[in-house]
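A short worksheet on the structure shown next.
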Amino acid sequence: MEGITPEVAMYTVNNLWILVATVLVFIMHLGFASLEAGFVRKKNTVNILFKNCMIIAIGLLTYYAVGFNLMYPGEAFAGGFFGFGGFGLTLPEGDAGGIAYADGAYSYYADFIFQGMFAATCCTIVSGAVAERIKLVPFLVFCTFFVSIAYPITGMWKWGGGWLDAAGFYDFAGSTIVHAVGGFGALAAIILLGARKGKYTDKGINPIPGHSMPLAAIGVFMLWFGWFGFNGGSVLSADAGGVSLVFVTTALAAAGGAVGAFVVAYGMFKTYDLSMVLNGMLGGLVGITAGADQMGPGAAIIIGMVAGCIIPASVVFIDSVLKLDDPVGATSVHLVCGLWGTVAVGLFGDMASMTQVLIQLKGFFAIGIFTFVFAFATIYLLKITVGIRVSEEEEEKGLDVAEHDMIAYQEVEKVTNYDLAVE
Amino acid sequence: MEGITPEVAMYTVNNLWILVATVLVFIMHLGFASLEAGFVRKKNTVNILFKNCMIIAIGLLTYYAVGFNLMYPGEAFAGGFFGFGGFGLTLPEGDAGGIAYADGAYSYYADFIFQGMFAATCCTIVSGAVAERIKLVPFLVFCTFFVSIAYPITGMWKWGGGWLDAAGFYDFAGSTIVHAVGGFGALAAIILLGARKGKYTDKGINPIPGHSMPLAAIGVFMLWFGWFGFNGGSVLSADAGGVSLVFVTTALAAAGGAVGAFVVAYGMFKTYDLSMVLNGMLGGLVGITAGADQMGPGAAIIIGMVAGCIIPASVVFIDSVLKLDDPVGATSVHLVCGLWGTVAVGLFGDMASMTQVLIQLKGFFAIGIFTFVFAFATIYLLKITVGIRVSEEEEEKGLDVAEHDMIAYQEVEKVTNYDLAVE
Amino acid sequence: MEGITPEVAMYTVNNLWILVATVLVFIMHLGFASLEAGFVRKKNTVNILFKNCMIIAIGLLTYYAVGFNLMYPGEAFAGGFFGFGGFGLTLPEGDAGGIAYADGAYSYYADFIFQGMFAATCCTIVSGAVAERIKLVPFLVFCTFFVSIAYPITGMWKWGGGWLDAAGFYDFAGSTIVHAVGGFGALAAIILLGARKGKYTDKGINPIPGHSMPLAAIGVFMLWFGWFGFNGGSVLSADAGGVSLVFVTTALAAAGGAVGAFVVAYGMFKTYDLSMVLNGMLGGLVGITAGADQMGPGAAIIIGMVAGCIIPASVVFIDSVLKLDDPVGATSVHLVCGLWGTVAVGLFGDMASMTQVLIQLKGFFAIGIFTFVFAFATIYLLKITVGIRVSEEEEEKGLDVAEHDMIAYQEVEKVTNYDLAVE
């Protein structure tokens, strides 16, 4: 180990952090799978797990095939709306795996795999909202287009050096670019899909509680756990000051979100509502994501707490007023708190000003409209061709039996029964 | 990336390890939540999950507000019993986020967030012991005082450079300072709270088994996983020799704890008792925590194995002889094995001697008495004012319905029933 | 922090990665525990969790006692079939904890604990295959011998510088050395043990579905999560190019495995089979493990996809044609895909050639035959002495009640019933 330079050591630690952050973002997919499984009915559990398995697979494979080079098409496209750097991984000059890339902070492959883990997230957000009634294959087809085309194009607008970057829009780790994009996709999907059978009736709105609060809680803790990589890795180096600050703001915002949701949910429902507190934590995390590198601890607590307060109000508004059926509250967590987090950068960040607020709104809605239209058109096409909704009978039986011929929890000891019959 | 010095690279890797350790300690809160949920009855599951969500939130927010500056008040207070460095985060001179702090090993923010994750742990320990009968809000009020005042004051006595540090007391990662503190709080709480309804009757002692062994097992594995950060991060740098040794002693002690509990539980109960083995692992981990940096592998195995042997005996003693009702065995794991681990430093550590054993006992009981009195007084005040225990009816129904208007596992497919009724 | 050299900084970051990878490999034991628990019936859940707790404990303790020095006996044994460096940890000259070891990449203790986490894996693989019918103590006795003798001896042949290393055999992170070894142990065990009661009857083959798909899914995500450490840590340094590439190939192979299993399972069963997709991901991971450092992204996808395609075919073949009862599909995942991954190095790796394929096969079968014979002999001896199978009554009742006097899920609220009886 002779002749190591300080630059190589520094490069190695920077790259290592991107990789560790990748692992943390990966496990967010278990977080989403577990949370969504907990919030749906027993009879649709296998289905939601299946979707989450396929989403991470599709997300990584399409990001390899086209997504990465749509999102980071290279400098030739700076300031633009669209660019494409070619299929597969196009190694920059030199040995792209080993040689420092991105100003010595990480390797080309580390960049790809970290960004790839992000990409699949946006579809996972949709999968919760459309749970319990969407047909599996059309959903996976939608995911494939959404994650491989829509997500990287709008992502490029900011992170790939596109027009929103040039316009001064700021979104550190993706309150808009990841979370609101997932949220807009979810919104388009649930409008086209309609509510679950029995949800909105003449006699009023029927709550449909999830089947396992432990699964939901495991999911949220896993998401918070992974979020340290999601936000912390977005520093794009192991810079001690930067990553440490991001850890503090991320954790305090989640804590603030729990407290905000606790208080507002108690005020609204006069009970201590666990699902609101869980979503409040997530709301706080989504809220801080756009400006996690720019806030002091106090501002982070305020941002998280406001996000937590938003959650119960938003969930009730979307459910009761808009009558949009979102089983897991994905639109409230990712779209509404994504909006709040994006705006909060203009209120509390380094460039806080009314001008910045307007720029933030411009970026949010530019990305939002593109995403919504893309998702709506794709799902509409699927709806009028192959259909997107399971039959009433299938929905009644549950998607686990209807689509997977399997149940999530085998209660009956089949063999024993069988033996008894034989004997 | 020109002009990087070796010192900066070293600082970055040290700081990165503190942050990764922070993430690992964070997930211990999922470990506790899952373990405690598994060990309580179905009807109290939402309640225990809710508590664990709020504890991490309260722990972080109060540690930001006052705890950190009570625990590390600065050098002016060296040798003392009490100090306070001011509200919020008081940045040291210079750019506290970015500039090296603590002799170049980590940043100010990394220090705060790592220590903050530790703080909440002590309340989580209490929450398991008081499960299934305590009222939610008084419990959270107790937690707020306990984590923001009691924990940092006694923590300062050693880690903040206080009088126990001056007296030669040694507690590497908190067998006393974290675990026994939680255990003493739990002891005070269960004395004041009384046993669960139906636990101790004229006809004898009634075991009340937990509702999900998979949740309990997930919890324990998550705790061991996080413990690598808990003990490893307590090296306070990424020093290769130090952290590697701590990993070895931590893992071997947990393994020893499993074997010790396996054997003794078999001897006592003539069966292979999973809950004892799970608690044996935790006992081994608590036992090694005080001296994880001072032991060789052989001593670590002995310490862990003894802790594992202690667990079944202690659980039975506390339950049958003391008639104190601790649903998860928190006092045995954290208080009794915390005592063992603290003493073991004097038996196997670098300064092993009878004198050191006495110093260790002095530190343990000094901290223990303060903590116990603080916790007892706080809970007693809550008991005689707002009351700390749910009504018999509420306990019977379960806290999930009584306090949260929710059940953890929705078995009935509500919508289907509803539809059938309508049709 | 004066006088830090770049070499020390580099050593520290390399060592840190080995330690972080250790933590990731550790949590694979939760992955296996959760996966296996999900795939067995409710009545055998405590038993499978118990086994997984004891396996990691036994694995670490025996690896400390003899395994590490059997597997890495030192240079004196290079090229050989057997070597032993002495009991316990034999520190190399100098302060083995702190001083750089292995060309400055990691410390002696880091090496031990990383390798120790690997060792226990091979028994965990067996535990899934023999689930629901093996007696606990004979199984643990088998594990003790298997993990402390068989695994390190064949491991030495390659990783310890033995004869297979000299022969040009390549197995980067253990498709053969870890996974197939576990798979061969499983094969020997299920041949000697026989199928579960009611599995193969005159009326045909009876599927015995697992009791919890969420547990199975949590297990698989945890395994993939840990596999980043399993493969990434096998680079044996934090080298940016090497570890980044391994992350990419590992993740893409898992994604390919999911897609391959999805498609083939649909073709075979005309349904979307979650358990096949879960095992497909694992198959992809096992497949890439032997050559994760040598493949480009495209080859990694192909290797994973082929492994995924193999899974449903292999599961059906072993179950229907060979009539070997493997409740979790461990032989398909670890043995069959281990073979595929080992061969794939000769097809796609740096030394791709027919010669290399033959060398790979030689290594696979040399290790396989030794392992199979060792496992068969050990289990046969246990079978004819103490017996390895629970009685029919115990199997019917379930091992949880029969061996542990405990049930995994306490549905009945005992205390309430008790109270009612008393009142």
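By letter and in written order, the chains are A, B and C; residue numbering begins at 1 in each of them.
Criterion: a contact is a pair of C-beta atoms (placed from the backbone, for glycine too) under 8 Å apart; a residue touches a chain by one contact, two chains touch by 3 or more.
Owing to the predicted nature of the structure, the values given are computational and were not obtained by experimental measurement.
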Topology of the chain contact graph, where touching chains are joined (line, ring, star, complete, other): complete
C-alpha-based rotation, subunit A on subunit B, 0 to 180 degrees, nearest 5: 120
Centroid distance [mean C-alpha coordinates] between subunit C and subunit A, Å: 31
Shared interface positions of subunit B, touching two or more other chains: 6, 9-11, 13, 16, 20, 100, 212, 218
Complex contacts: residues of subunit C adjacent to subunit B: 1-2, 4-6, 8-13, 15-16, 19-20, 22-23, 26-27, 29-30, 33-34, 37, 45-46, 49-50, 52-54, 56-61, 64, 88-89, 95, 97-100, 106-110, 112-113, 116-117, 136, 212, 215, 218, 403-411, 413-416, 418-419, 422
Interface residues, subunit C side, partner subunit A - complex: 6-7, 9-11, 13-14, 16-17, 20, 24, 41-43, 100, 103-105, 196-199, 201, 203, 206-214, 217-218, 220-222, 224-225, 228-229, 232, 238-245, 247-248, 251-252, 254-256, 258-259, 262, 269, 271-275, 277-278, 281, 297-298, 301, 396
